[in-house]
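Note that the chains are named A, B and C in the order they appear, and that numbering of residues resets to 1 at the start of each chain.
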Amino acid sequence: MKLLEIKNLHAKIGDKPILRGINLCINAGEVHAIMGPNGSGKSTLCQVLGGREGFEVTEGSVTYDGKNLLELSTEERATAGLLLGFQHPVEIPGVKNIYLLKEALNAQRAARGLDEIDTFAFMKQVRELTKTMGMDDAFLHRGVNAGFSGGEKKRNEILQMLLLQPKLALLDETDSGLDIDALKVVSEGINMLRGADRGIVLVTHYQRLLSYVEPDFVHILYKGKIIKSGDKSLALQLEAEGYQDILEAAS
Amino acid sequence: MTEQHITEQQEIEHLMQREYKYGFTTDIEQDIIPPGLNEDVIRLISAKKNEPEFLLEWRLKAYRHWLTMTPPTWAHVHYPPIDYQALSYYAAPKTADELAEIEASKPQSLDEVDPKLLETYEKLGIPLHERAVLAGVVQPSNVAVDAVFDSVSVTTTFKAKLAEAGVIFCSFSEAVHNHPDLIKKYLGTVVPAGDNYYAALNSAVFSDGSFVFVPKGVRCPMELSTYFRINAKNTGQFERTLIVAEEGAHVSYLEGCTAPQRDENQLHAAVVELVALDDATIKYSTVQNWYPGDEEGKGGIYNFVTKRGDARGARSKITWTQVEAGSAITWKYPSCILRGDDSVGEFYSVAVSNNYQQVDSGTKMIHLGKRTRSTIVSKSISAGHSQNAYRGLVHIAKSADDARNYTQCDALLIGDRNGAHTFPYIEAKNSTAQIEHEATTSKISDDQIFYLQSRGISEENATNMIVNGFCKEVFNELPMEFAVEAQALLAVSLEGSVG
Amino acid sequence: MSRAPLPEWLVSTLDQQEPAAPGEIHTTARVQVVEWGLPTLRDEEWRWTNLRALTRPLPKPQQTATPEGSGLNAILPQAIFIRFAGGKLVECPGELPDGLRLTPLREADLDQRAAAFAPKAVTPNDALLALNTATAAEGLIIDIAANADIKPPIVLEFLDAPSETAAQTRVLVRCGPHSRATLIETATGADGVTSWRNSVLVAALAANSQLTHLSLGLDGDARLLTDRSFVTLARDARYRSINIQLGGQLVRREIDVNITDTGAHCDLFGLMMPRAKQVLDTHTRLTHGAAHTTSDERYQVIADESGRGIFKGRILVAQDAQKIEAYQSSRNLLLSDSAEIDTKPELEIYADDVKCSHGATIGRLDDEALYYLQSRGISTANARKLLIAGFAQEIVDLLVTPELVEWMGGIISRRLERQNAQ
C-alpha cells in the first residue's frame, strides 16, 4: 500500500530553487533513509512535507494516504497521521509538555471521531513512554523544550511520536547532536514504531543511526534531486567512501 | 509581502471583526437625574440616598476640589475631552426607588426583583447563586454576590451566613445607614477625596458600591463577589468600594464586569479602598470585560479607576490580581501603600487589548514600613491597533529599611499595528533597598505556531496555548472559578489571532 | 503642564547678544521661551529634577579667574583642543588634520547655522531648548569630510565660569560618509563658583560613519549644567555615547538619538556618581526608526551622602522598524540613606518583530563581597572603595583608549579617597 508518493517535486524559497524534481514512493511497512551533504535540500523536503509556510511548490505532486498532501494545512497533515520530527525543536516556554501531549493526542482522536482520552489512561500511557525514553517525569511539567539539552529535545520528539503513533514519521536529523547512549534510546524508540502499517523516513547526515535502525531503502539527495537509491549497503558505502566518490560516480 | 504576512493580515482582520459577545441592552425604566453637574445635583444625589450630613459635606468638599483640578495628561492614552455637564450622575432602576426611600422594604427575595433585570444577569452568565439556593436545586455555593445594576445594589446574598461570622457585606448606601461610624472612620482614608481628578469626581457623585468589614481574627467563610455593569445611556458610573480587614482577618473579594453594547462612550470612574490592619490579608481579584468599542474604535467604556490598598498594619498583605480584557480606555493602577512593618503588596495583571483599545495600567508600590516586600508581575498582550502600556511606580521611602521589590513585565505582540510599552518608575531613598525590574517584549514566533500545528493543533489553539502559558503566573493567583473564566475570556478576546 | 513663568533675570538676558539662529527659527523660539517659562516638578519630564536654582539671578562670583581645564592635554598630547570659557569660544586651533574643518558659529554661513539650529523639541514645551535657540551666539561647527579618519580626538573643553548672560552654546558635528572620529566634551568649574551653561550639541552621522562621543563632567561643585545632544544616524552609522558625570551641583543631560536608516547601531553608556548635595540627571531617548537596527544602553548610578541620581531612558521602536534588537539596563548603587536614586527605563514599542528587554536594579554593596575582602585583611573603608570603584569600572572600561581608562579610573579613585578621608 502506497503511503506517500512524491512526483517530480520542485520547491523554492524566494527566488532560490531548492528541490529540483524529487521522486519517491514509500509503502506501508518500509523504512527509508534519505542522506545527503549539507545544503542538498533534506530539511527543505521535510519542511515542505510538513506544510511550513515560506516555501513555494512550483511543480510536482505529493500524495499521502490517497490525499493531495499539499492541499492540507499543517495540522490536517498531523491529524491525518503524518508526524514531523524536527531537527531543531523550538522552545515554547510557559506551555507545559504534558499539556502539549494531551492537546495533540486529543486533536488526533477528534480527527478520528474519538472522544477525548481519559486523563487517567493518558497519564498512565505517558508515564510508560517517559520511562521507555529514559526521561524523568519532571520533563512533563516543564515548558515545551524550554531549557532542554539537545539530546532531551530529540528524546522528546520521539516520545511524542510514540504517543501519537503516526502512520508516517518523517524524522529530520533526529540523530544529530546525540551521544551514543541517547542515540540508542532514540533508535529503540524508532524501532518500536516500525510496523506493517507504518512508514518511517529518516533524514540523516550520518550512517551511524542506520546501524541501529536498519533501513529498507537508502536514497542520496544532492542539489535537490535523488541521485541514487539502494539498500542499506549504500549507506555503508557512503560511510566508507564519502559523498564525493558516490556523487562523482552518479554524475 | 510574503505569503505568511498575508495570512497574518487576514487573521488580524478576522480578529477585528469579532463581535462583542455581551452586546445587548435591557429595557428598564430608569430614574435618572437630568444631565449636568453642580452642587444642587450632588445635594439631590445625597438626598435621594437619604445620606447623613457628614457625607453630603464630604461630597461637596470633593466637588469643590474637583473644580480646581485638570484631567491627567501623562497617560499613554488619547481621547476627546469629556463633557462632564453632558453626563447624568444618578440612575436607579424603578425597583430601587424604594431602596432610596430608606424605610421602604427592599426586595427580600429574587421574586421581588424586576424579572427583566434578572434576565439580563442570566444572559450575561452571571451566576446569581441565590436563585439556585432558593429553588433548592443546587448546593449553596461558597460565593456571595452583591450585584450592582447601574448604580444601586439590588440584592445582597448570603448575608445571614456572613453575619454569623461577623462579616459585614452590603451595599455602600446600606452601610452608610447601618454602619455610619465605620464609614466615617475609613472612607477616604486610603484614597482622599482630592487624590486625583477622577477620584475627586467619584467622591462628589458616587452612587453606590460595596462595603466589606471583616472583624478582628475572622477568616471570611466565602469568596465575596460583585458584578458591575453599565446599562443606562449617558450615565457615568461611579462606584465606591470600601473593604476593611481588622487585625488578623482574611478576605478574598472578586469583582467582575460586563456591559451592554453602546454607541456613546461611557465613563466609569470607580474608587476602591482597602484597609488591612495588623496581620490581615485582603485579596482583590478583578476580571474586567466591559464593552471595548467596535472594531473601528467607536464607543466603549472609559475605565478611569482608582484602586488603592493600605497595608496599614504590621505583617498585613494586600494582593491585587486583575485580568483586563474590556473597555475602550483603561486607566488603572491598583496600588499598595505598605505602611506596616513587614507588610506585603502583590500585583498580578494580565491586560489584553485588541482593535483600538488603549490600556495604561500598572501599579504603585509605596514602601514605608521596614522589611516591606512587593511583587509585580504584569503580562500584556496587544493585538489589532491597540496600545497597551504598563506604568508602575516602586517607591522606597527613607523609613523603609530592608525593603524588597521584584518586578517582571512581559509584553506579547500579536500583529504589527499595535504598541506595547513599559514605563516603570523606580524611586529609592533607602540604601538597604533591593529592587529588581525585568521586562521583555516579544511576539509569538512563527516557529512556535508551526511546531504546535505539526502536532495536529489548530493555529487558534496553538495561540491560546502560548497565551495561556504566557499568563500562567497570573492565572495561578486567581481564585479557581475566576481562573477558568479568565482563560475563557482570553480565548474569546484573541479568537482567530495568530503570531 | 504646570509652568513657572520665565524668571525676570532670564527675560532680561534674552536680547543681549546678536543671536546665531536664522531669522524665523530665532523668532519662534524667542516667543516660545517666554510663553513656556521654566518646567516644574509637576512636569512629567522634570518630576525628579528641580530647576529652582535658576529662578533667581546666579550669585555674583567673588573670584573671576577661569577654571582649570580637564588636564586631558597631558595624557592626550596629540588631541585637538578647543576651549570655551564662560560660554565664549576662546581657543580654536588653526592647524588641523586633513578632512577636519572647524568653523566658529559666529563665522558660520546661513546653511551651517540652519543645520545647527534644525533639531526640534522632542518633549512638549521644551523651554530650555527654546532658550538656547533664542539666545545662543557662541558655538562651533565641526565638519568631518567623507572617508576621513580623524585619529586625534577632538576635545571641547568647557571651562564653566560665571558669565553676564547664561552660557548658551551650540555645537554642530557633521560626520561625512564612511568617516570616523572621536569627540570628547569636558566640563570643569572652580569649586564654590556658581555658573550655568545651557548647551546644545547636534550631531549628524552620514552613511557608515562612526562617532564616539565622550561627555565628561569633572570638577566644579557649584556648576549648573543643562545640556542636550541631538544625534541622527543614517544607514549603517555607528554612534557610541559615554556619559560620565562626577561634578556639578545640578547636571541635567538629555540625549536624543534618532536612528533613521537600516543597519545603524547605537551605544549609550553612562555613569553618574552624585554625592554631597549633587543632583546628576540623564534622560536618553532613542528612536529606532528603521528596520534591522540595534542598540545597547547601560547606565549606572552610584549615589552617596545626600546625592541624587536620576536616569530616564526611553527606547522607542517605530511601527515599521522590524527586526530590532534593543537592550537597556539601569544598575544602581545606593550607598546612603540620605541619597536617592530614581530610574525609569522605558520601552515604547510599535513594531512586533523585535527583541527588546530592559532591566533595572537598585541595591547596595554586596555584603558577601565586602565580607570576603574584609576576611582578606582589607579595611571596611578600603573594601567599600574597591567595590564601588569596581562597579564604576564597568563603564570606565568602555572609554576609548587605555590612557583614558586609566586617567578616568584615577580620577574616580581619588574622588573616593577624598570621600573616605572626610
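Operating definition for what follows: a residue touches a chain if its C-beta (ideal position, glycine included) is under 8 Å from a C-beta of that chain, and two chains touch if they have at least 3 such contacts.
All values reported here derive from a predicted model rather than from experimental measurement.
Chains touching both chain B and chain C: none. Taking the mean of all protein Cα atoms as the centre, the chain whose own Cα mean lies nearest is B. With centres defined by CA atoms alone, the chain at the far end from chain C is A.
With centres taken as mean Cα positions, chain C sits 43 Å from chain B.
Rounded to whole angstrom, the centroid-to-centroid distance between chain A and chain C, based on C-alpha atoms, equals 57 Å.
With centres defined as mean CA coordinates, chain B is found 49 Å away from chain A. Counting partners per residue, chain B has no residue that reaches two or more other chains.
The multi-chain contact residues of chain A, meaning those touching 2 or more other chains, do not exist; every residue touches at most one other chain. Not a single residue position of chain C touches two or more of the other chains.
If you check the complex, the residues on chain B that touch chain C are 73-74, 76, 396, 398, 411, 413-443.
The part of chain A that touches chain B in the complex is made up of residues 50-54, 56, 73-75, 77-79, 83-84, 86, 89-90, 92-96, 99-100, 103-104, 107-108, 111, 143-144, 160, 164.
Against chain A, in their complex, chain B makes its touches with residues 2-4, 7, 445-448, 450-459, 461, 465-466, 468-470, 472.
Residue ranges of chain C in contact with chain B, taken from their complex: 1, 44, 48, 319, 322, 330, 332, 334-364.
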